[in-house]
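Common to both upcoming complexes is subunit A, partnered first by subunit B, then by subunit C.
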Partner chain A sequence: MIRAATRIAGMILTLVVSSFVIFAAMYAAPGDPVTFLIGNPENMTPERVAEVKAQYNLDQPLIVQYGLWASQAFMGNFGTSFQYHQPVAELMATRLPATLALVAMASVLFIVAGVGLGILSALRQGKRTDSTITAATTLAASVPSFVIGLLLVSIFSVQLGWFPVSGAGEGFLDRLHHLALPAVALAVGAVAIVSRVTRQSMVEQLSMDHVEAARSFGLAPAKLIRRHVLRNAWGPILTMVALVVASMLAGTVVVESVFGISGVGKLLVDAINTHDFPVVQAVLLYMVITYMVVTTLVDLVHPLLDPRIKAKDKKS
Partner chain B sequence: MLLDIDNLSLTITTNGISHQILDKVSLSVDAGEVVGLVGESGSGKSTTARAVLKLYPETAAVGGSITVGGTEVLSASKDELHRVRSSEAALIHQDPRAALNPVRRIGDSLTERLVHVLGVSRADAAAAGLELLAAVGIRQPEERMRQYPHELSGGMLQRVVIAAALTGQPKLLLADEATSALDVTTQAEVLAILRDLQEQRGLGVLLITHDLHLAAAYCDRVYVMYRGQIVEELRGNDLFHGAQHEYTRRLLSAVPAIGHLPKTESRAS
Partner chain C sequence: MSSLSTSTLASTPVIGKKKRDVAYLLSLGFLMVVVAAALLAPWVAPYAANAVDFTAIWQAPGAAHLLGTDQVGQDLFSRLIHGARESLLGPLALLALATVFGVTIGTVAAWNGGWIDGLLARITDVMFAFPGLLFVVLVIAVFGKGPATAIVALALAYAPVIAKFTRSLALAEMARPYVDAYRVQGVGGFFLCVRYIIPNLTPPLLGYLVVLFGEGLMSLATLSFLGFGAQPPSSEWGLMVQEGQSGIIQGHIWPTLVPGAAIAAVVVAVNVVGVRLSDRLNSRFER
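Up next, the complex of A and B:
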């Protein structure tokens, strides 16, 4: 109970600090929102400026502005977009599904490929398959995702015509079809990381006494790997997968731009370019929250994978 | 003979350099006999025991022969090797905490050989496991079955490991420093249990140890190993007085006794 309470208190503190940094950073950024809000330079009369400032609370001290914004954000009201004159929450709601679907697909791809190649690599440790996998995934990871995206589009969309060039699609199947290439582009870099961690974690387990013990009494190789090596290797793999997923949720900008998907990433870039502060703040806050949610989930799952963690927590 | 090792040689080549780990090792263990294998670290004791179950790197060059209950292990088919490993001979590791999978329950590790190797039903395996836990002197076995290794003491865990080794009803136990990781009192308890089980079941035991007092007191016969070779074979009782080989004598003189320190060249006191 106490553990859960300190944990929640910690999360709230993180949220307060990070939201303040996000809010304050917007006002330290170059460019004046008033100018943008008024738009036409001919309307820049002192009266108009004062009016706009009052309307958006821009005449208040920073801390007061933050207080107003935070209390509203807490209620789910992130203000109105300067650019679209729509509630930010509504904008986010229309953009989120595409991004979440993209990240979900990319995650499935990189987890299956990464863990699979990692296992293969660990079992062929030091042999040609191992070094080939390492070389291939590292090479793939060092190519920027927009280059991979453009390559995929030119081959599979333009030349072969198998996949649409852009957009996120409507409905489940159409969405899968539309997001297949972007998901691959997003996943490629992560395969290298996940396969390395899987390999390393498994190699570590392979040298354990309980693995030799199981082999000594005749446990079949497939069962040996499943029950004694992979089962014990999940901890670091899970942590890495979660971190990659969390950073993907916040890092779809490039791929969304390449494939013309109107997701959260694209929303953020557009908002930054147009000084649409309420949108930028909301998107950044969403990124902080997703990161926190994902890491908290991982912490909750870890004791299920390794009972020793629970014991350690009880003692402390 | 239950275990017969004849002229066993084992060479491992790493980075083009050959290391001869075992050099014409010959030893035997009969049913109902406790045989000691003593020697310093790196002398090849563990490698010998592991070779009995064909547990050595694929790259090792192996010569000679090992027979367990009439089966030649080194040239055994997959099925024969499987039978030897699952129900003829069992290896007991030095550190029980490392030998049991930390993320699995005691009951799961205990019955793994029965359920996943010998195809016994879970219920039957659990019943057999409970019986064996009681046989190695563990109280409240049902509760222990549900616990994880980190919740039990080292002595308790080594009893679990011994019980697990007996699930396949082997005739030969290979105990590799099986009590070295335990404190002295626990060590005595575990050894007593092992002795009882050995007598009841008529097991042959190859006891690997660096504790010469233990070997002398516990074993019917003792082989002394040095640099991959068996240099001497003695009756347990004769270990401290009947040693002929120079190395055995040096080894014996290095054993500390109450009241005086062993004489070594490096220590001036």
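Up next, the complex of A and C:
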């Protein structure tokens, strides 16, 4: 209980500081914030200046500005986009489904592939299959995701014509079809990490005495793995999977750009290119919050799922 | 910064020792060739980096153009070699910057403890709250695009990571008896850190930095691909991939494949060397 409270307090403190960094960043820009926020000097009309000053309460002290901005953001009001002249929250709401669908599909892929390869690796420990899996997944993780994405487009969309070249699709099946390649591109890097952790955790469990005992009693290998190895091994695997998903929620920028998916990541890149700072702030804040909340949640839920950790905590 | 990226992968030796030796030597040789090509670019490259030739656009690899040409007939092999300079110097500069700050802060935090240590912990906490390249993206949104901004921003993101690593190494080092021996003799803290502790941290730090180099190269290439890093007419590899992107729909894969494969090959080689280096240096360090 105390552990959970301090963890949550720590998360909130970090969130406050990082949101302050996101807000106050505009003061680090060369020139004064008004010129920075307007960007293009041609747009420097008195109305525009007034609009910007009102949106950011620029005539107040910095800490008050931040407070007003943060409390508005807390209620889901991120101001108005300078580019689209639309509330930022609305923009985000239209972009989120594509990003979430992409992350969900990529998660399914990397969990199945990563855990599967990890288990295979652990069972063939030290054999050729093991080293091949390690080498192949590590190699795949060294290829930048934008290169993987473009290669997939070239092979499966352009040469074979199996998948569309870009877009996120409408409706469930069409979306699955559109997001298949992007999801693969997003998942490839994660497979290496997850299979590595799975292998490690399995190998540790395989060498335990109770597993040896169960094996000597003649328990069927499949049952042995399921009941005695995987059940104890899945703690670290689950933690890693959650961490990867958390960073994916904030890491779709590149893949969305490659495949022209109008998700949140693409929104961020476009906002930087068009100098639309309210949108940049909102997207960054959303990504940081999601990441922090998911990672904190993992920390809190983990001991509930695995009583051994709680026991260890008490002892220390 | 990115606890989930290549540096976490670069551990647990599964592959046999002999094979690892071969991989290490091959990687080292490959990297030496790449560095030599980058250094000697104007002499090695058959064409200038931006020599446009509209009579030879989108050529497949052949005798005239070893790796083919792009949409305006620029020789990909030559662009690759010229681009190697920026692609390799970028991560080097970023690591140099991040190391100077990171090692200083990490050592001071370990030596002094107290509020400096606490501050470092808070800063790393905030940095880790920005997953992936998001902190860098924020800096670029504020200061504008360009290779210099990208490098400085990444250095800012890496410095706390290096500081944290240095801190843990330095704490272990300070527990060793020779440090007390010098202190008893009245050797000052600053002198002791600079003359004895930091040099002793170099071996394990070096292997880590080599692996970070690969990560930095990927990050910089990614930023250039997004249009935030290197700008045309540079032939930085990430930018080359981005420029090759337009040809893909028309079925021209070489302008994307060539720089993409170059990035991947260098990152793999760097990781192999980095892991091997830290293994070897660590074992000497521990002995």
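Rule of thumb we're sticking to: the second predicted complex is superposed on the first by the 261 of 316 C-alpha atoms of A that agree within 3 Å, B and C clash if a C-alpha of one lies under 4 Å from a C-alpha of the other, contacts with A are read in each partner's own complex, and residues count from 1 in each chain.
Simple rule for what comes next: a residue touches a chain if its C-beta (ideal position, glycine included) is under 8 Å from a C-beta of that chain, and two chains touch if they have at least 3 such contacts.
Owing to the predicted nature of the structure, the values given are computational and were not obtained by experimental measurement.
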Which of subunit B and subunit C A:Lys223 touches, first, second, both or neither: first
First, second, both or neither for A:His210, with subunit B first and subunit C second: first
First (subunit B), second (subunit C), both or neither touched by A:Asn232: first
In the superposition, subunit B vs subunit C on subunit A residues touched: C
Touched partner set for A:Leu102, first subunit B, second subunit C, both or neither: neither
Contacts of A:Leu284 with subunit B and subunit C, given as first, second, both or neither: second
Which of subunit B and subunit C A:Met202 touches, first, second, both or neither: neither
Which superposed partner A:Leu267 touches (first subunit B, second subunit C, both, neither): neither
Partner chain in contact with A:Val188 - subunit B first, subunit C second, else both or neither: neither
Intersection of the subunit A residues that touch subunit B with those that touch subunit C: none
Contact set on subunit B toward subunit A in their complex: 50, 53, 55, 81-82, 85-86, 90-91, 93, 95, 98-104, 109, 112-113, 116-117, 148, 150-151, 165, 168
Of subunit C, residues touching subunit A in the complex: 2-6, 8-9, 12, 14-16, 19, 122, 125-126, 129-134, 137-143, 145, 214, 218, 221-222, 225-228, 238, 241, 244-245, 248-249, 251, 253, 256-257, 260-261, 263-264, 267-268, 271
Complex interface listing, subunit A residues touching subunit C: 10, 14-15, 17-18, 21-22, 25-26, 28-30, 36, 121, 126, 130-131, 134-135, 138-139, 141-147, 150-151, 153-154, 158-159, 165, 189-190, 192-193, 196, 200, 243-244, 246-247, 250-251, 253-254, 257-258, 268-269, 271-273, 277, 280, 284, 287-288, 291-292
Of all residues in subunit A, those that touch subunit B in their complex: 208-210, 212-220, 223, 227-228, 231-232, 305-308, 311
